[in-house]
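Mind looking over this structure? Questions follow.
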Amino acid sequence: MENTLFTVSNVWMMICTALVFLMHLGFSLLEIGLTRQKNTINILFKNIFIISIGLVLYALVGFNLMYPGSFILGIIPDYFFDLFGLSIPENGLTAEYASGGYTYWTGFLFQGMFAATAATIVSGAVAERIKLGAFMVFSIFYIGIVYPITGSWKWGAGWLDELGFYDFAGSTLVHSVGGWAALVAVWLLGARIGKFKKDGSIGAIPGHNIPLATAGVFILWLGWFGFNGGSVLSANPGSTSLVLVTTCIAAASGGLAAFFVSLFKHKQYDLSMFLNGVLGGLVGITAGADLMSVTDSIFIGFIAGTLIVLGVGFIDSMKLDDPVGAIAVHLICGIWGTLAVGIFGSMAGWGQFGIQLIGVLSVGVFCLVSAYTIIKILKSTVGIRVSLEEEQDGLDIHEHGMDAYPDFRLNQH
Amino acid sequence: MENTLFTVSNVWMMICTALVFLMHLGFSLLEIGLTRQKNTINILFKNIFIISIGLVLYALVGFNLMYPGSFILGIIPDYFFDLFGLSIPENGLTAEYASGGYTYWTGFLFQGMFAATAATIVSGAVAERIKLGAFMVFSIFYIGIVYPITGSWKWGAGWLDELGFYDFAGSTLVHSVGGWAALVAVWLLGARIGKFKKDGSIGAIPGHNIPLATAGVFILWLGWFGFNGGSVLSANPGSTSLVLVTTCIAAASGGLAAFFVSLFKHKQYDLSMFLNGVLGGLVGITAGADLMSVTDSIFIGFIAGTLIVLGVGFIDSMKLDDPVGAIAVHLICGIWGTLAVGIFGSMAGWGQFGIQLIGVLSVGVFCLVSAYTIIKILKSTVGIRVSLEEEQDGLDIHEHGMDAYPDFRLNQH
Amino acid sequence: MENTLFTVSNVWMMICTALVFLMHLGFSLLEIGLTRQKNTINILFKNIFIISIGLVLYALVGFNLMYPGSFILGIIPDYFFDLFGLSIPENGLTAEYASGGYTYWTGFLFQGMFAATAATIVSGAVAERIKLGAFMVFSIFYIGIVYPITGSWKWGAGWLDELGFYDFAGSTLVHSVGGWAALVAVWLLGARIGKFKKDGSIGAIPGHNIPLATAGVFILWLGWFGFNGGSVLSANPGSTSLVLVTTCIAAASGGLAAFFVSLFKHKQYDLSMFLNGVLGGLVGITAGADLMSVTDSIFIGFIAGTLIVLGVGFIDSMKLDDPVGAIAVHLICGIWGTLAVGIFGSMAGWGQFGIQLIGVLSVGVFCLVSAYTIIKILKSTVGIRVSLEEEQDGLDIHEHGMDAYPDFRLNQH
């Protein structure tokens, strides 16, 4: 590995890191845009907290836990808690460290941005009713321990990796890991007041700032250039550029599919569905972005977009209240994308499909149990849901003592 | 061409692609910011639709059409419709493909982002009154066929290229192509209710969210780092860095000029003019960004900014209703920038000026005829304008069944 | 220096330039978000003006002034005003120009973006009451002359550089330079009506758009990838990636500290403090981002975040009205970061601490005197403060004749 090529790859990886960082702005805008103005400060606080605590935790614990030297019983990363855990290996700044792809520091920061993402996914689903303190404690355990452990199974060269499981940039390891926790949290929290009415109908709780939600989706799409593009782990021209093409085509196709299906179903040009369709396409392509052709990407995106429309309806029919559609986007399309590696592209085959299914299920079980344990303990002790009064008045004024838009006249609902 | 330099150039081109992608967010924010809140969802829907359908169409048709092997009668690209048209050449991932500048995939994605831009330009001009379905059909034909054909004349090594026509990054091939269609569309659509009053005066219809419009302009300026910087088609240090300098200086100069001229004319610090002046400067420098000195760029930007103030007034006086000033920015400054190649910089000369004029006129005629044909057929069949009631109530509630800002109390106008 | 490595470094520097450019959007959003809606257009106008005039001025004067061949009396850069000052040296586009790090054009543009930043810092502190014309004149002198002179002392190889003063990316040379002027301006301007009441209490003037302020902080954080990452002045993998890590960790740590301290002090989850804590951490790490370990960065950020909470309270208690907290962020944390180079990291020591102090004080004295002179002259001639009526009605309607949000119903205060 020559030194200049190492420098190029490291530049690419740093840019991708910056783009994944920006996804936290994308999630913030999407989540506040699709919820009510009275909980805006609360959501923004959660998001800036997650990226901040996430990076510090990943430095102290997560990075070492996720890339361990060995495993206990083949499952638990062999890493004992070591305060101020980052210690750079001797070759950490040389081309030898990561096949010339990046330095130790770049590797840490890129992965640290991913870790924080998993908790951010949960943030949207539990919006408008979770206690901030409880959410923060949950995030610390989920980012600090759960995410790195499942991550280690594949990306840390653990048992799923040995089995042949494939998850290029994290349809399962990032998006489903967040999605499973979102599912558990939404279930244990219960729906927002007014979402499911006594007569069985579903109350619409429209998002308060659709321009910001749309900006959030554009920014997330941009962020995915880094999320998937950086997962090549080098600047290899063929791989990186193919990955950007499959990523963008799947996003476009996902959005168009959600638009067509919802137009057919509801006879309206539904912007929220288009936006979530784009995100579904992005999550769907993530597991195999480097394996697919343009045609494959169109199909994967199209099915993801369709699943978004059906999934949002299904979640609603289960009486689960997910204000931003995070479960449909990250869990359902995360599963779809992981399985799609067995159906489309250069690894397709029944054997691979089976292995992908094992990955989906094993990560699913671990996340469900972990998330349930953490959230159930929080629920039984400090409580996870704000009071009725607080929910009605909005979390901003109670927990933060401030309004998001004090100069504007607002409708309270 | 050595492999590492190929990798560097490809990284640069991928980053530029990402920046051009982000311009779609910039256009979205600019367009909604300069129009009324009641049509916000509609504009956002158009923009996310354009980038999505644009990329898919460019994969299926546009890319092959724009870079054909040969021409029929020297004008029509010799490409027969081939579903799922992308087929990567054998050397598509090697340095041989594009003189070591980028891979086939990067080339496709970079150009695909450009293609979608041309239709987005139209979107702003027709805002607040066009039928969404009609606009979508128009976009499909304009992105899928018209843009690639005029593009092929120059960038596909066609007759304008042979003639010596110069258009570095698309003052004509992107901006004017969009601008001519905007002109035709605005004319065939007619003005918004209340814009031109019976007494001959012009009714002000102020934009509803100037912070987002301003953010849009900053994002567009950033996007131009990629739009012009990527048009070098490699990471050549001298060319790329000169292009970024001329681009930024022209943008700054354009904004300052529009500010000074409008201060002189209207005795007010006019933010909208400053913003459109920046965009005018950017469009103006685009045709020759690699040919100009810093001094040239100051002049080109200054004249562009002046043309913006005069142009917006002229369009108004023609009773053409362009809510965001797209015709002044993209058509007038697009023409100016193309002609400026014959006046300033290293290619200046009467001969070149004449060739530039031929380019402006031939592309203009082709776009006028094409846009007129498409829009006239749509007008005579499905109709292009929403009903009076829909326009008054806003397109959001009629076509999309949702509000952009449901928690805010609004003034209807 | 081989040519390909030069190309890589130049690509990295151009990307960093783009990111620093984007900070101007970040500042714009932060400033309008933390002030009232009635002054929004005015703030946006200032920000787009600053970047525009800043770039043009830096081309005409600043760049040559900041990197002079020699000094008069060892302090004043030996550069005589030369209209259209940029003249590229013969080797300006080769690897020889800047040790293979970047071209002359990239160097100019990167530094030009920095220059404009210094004035933007002032813009937030003087918001909601300064006369636009006076601010513009101040900016021209401060960007055009003051900033390049202090800059030349260190980065132009002047006396502070010879002394051993260290300021990696500008805790002092950019942030404090802006911060000192903000201090003087705020003092000479006086507080906004209603800020300090007759009974000694402090009137809350809440910011009108917290989502945009938060987006501004995310964008500024992103911009710091370029601000600090680009200050390596090459793409050296070890240095650049370390700098991104220390930068992000200090930002995270700063935010968390401000959150904890304000929670302890005010018993509330204070989003504004979190956001300013992030910025404080970023400013704090800027002087020594390349010298620190992860642990150092956590400490530097944590102290910066703590200083933000204490600093904002202190500024208030001094009856200085700084609407966005610019003095705490840029001046106090700028000083802290500069001194921290003598306390933490690989250059720590009492000798270095003393030199850092000399740098802080000498730049401080020069900026205080310069800013006082410029602003005092403006105050005594054209005046610097808008009329009482204008301040109460808002600057938007008086100076710009337009509203930021005409479709929304607003509370006037």
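Lettered A, B and C in written order, each chain numbered from 1.
Quick note on the criterion: a residue touches a chain if its C-beta (ideal position, glycine included) is under 8 Å from a C-beta of that chain, and two chains touch if they have at least 3 such contacts.
Computed from a predicted model, the values in this text were never measured in an experiment.
As for how the two copies subunit A and subunit C face one another, under half of their interface residue numbers coincide. Put simply, subunit B has to spin 120° for its C-alpha atoms to lie on subunit C, with the angle rounded to a multiple of 5. Subunit A and subunit C have Cα centroids lying 33 Å from one another. Residue positions 4, 8, 11, 15, 209, 405, 408-409 of subunit C each touch two or more of the other chains. Interface residues of subunit B, counted against subunit C in their complex, comprise 2, 4-5, 8-9, 11-12, 15, 19, 36-38, 206-211, 214-215, 217-219, 221-222, 225, 229, 235-238, 240-242, 244-245, 248-249, 251-253, 255-256, 259, 268-272, 274-275, 278, 294-295, 298, 405, 408-411, 413.
On the side of subunit B, the complex with subunit A involves touching residues 3-4, 6-8, 10-11, 14-15, 17-18, 21-22, 24-25, 28-29, 32, 40-41, 44-45, 48-49, 51-56, 59, 84, 86, 93, 102-106, 108-109, 112, 132, 209, 212, 399-409.
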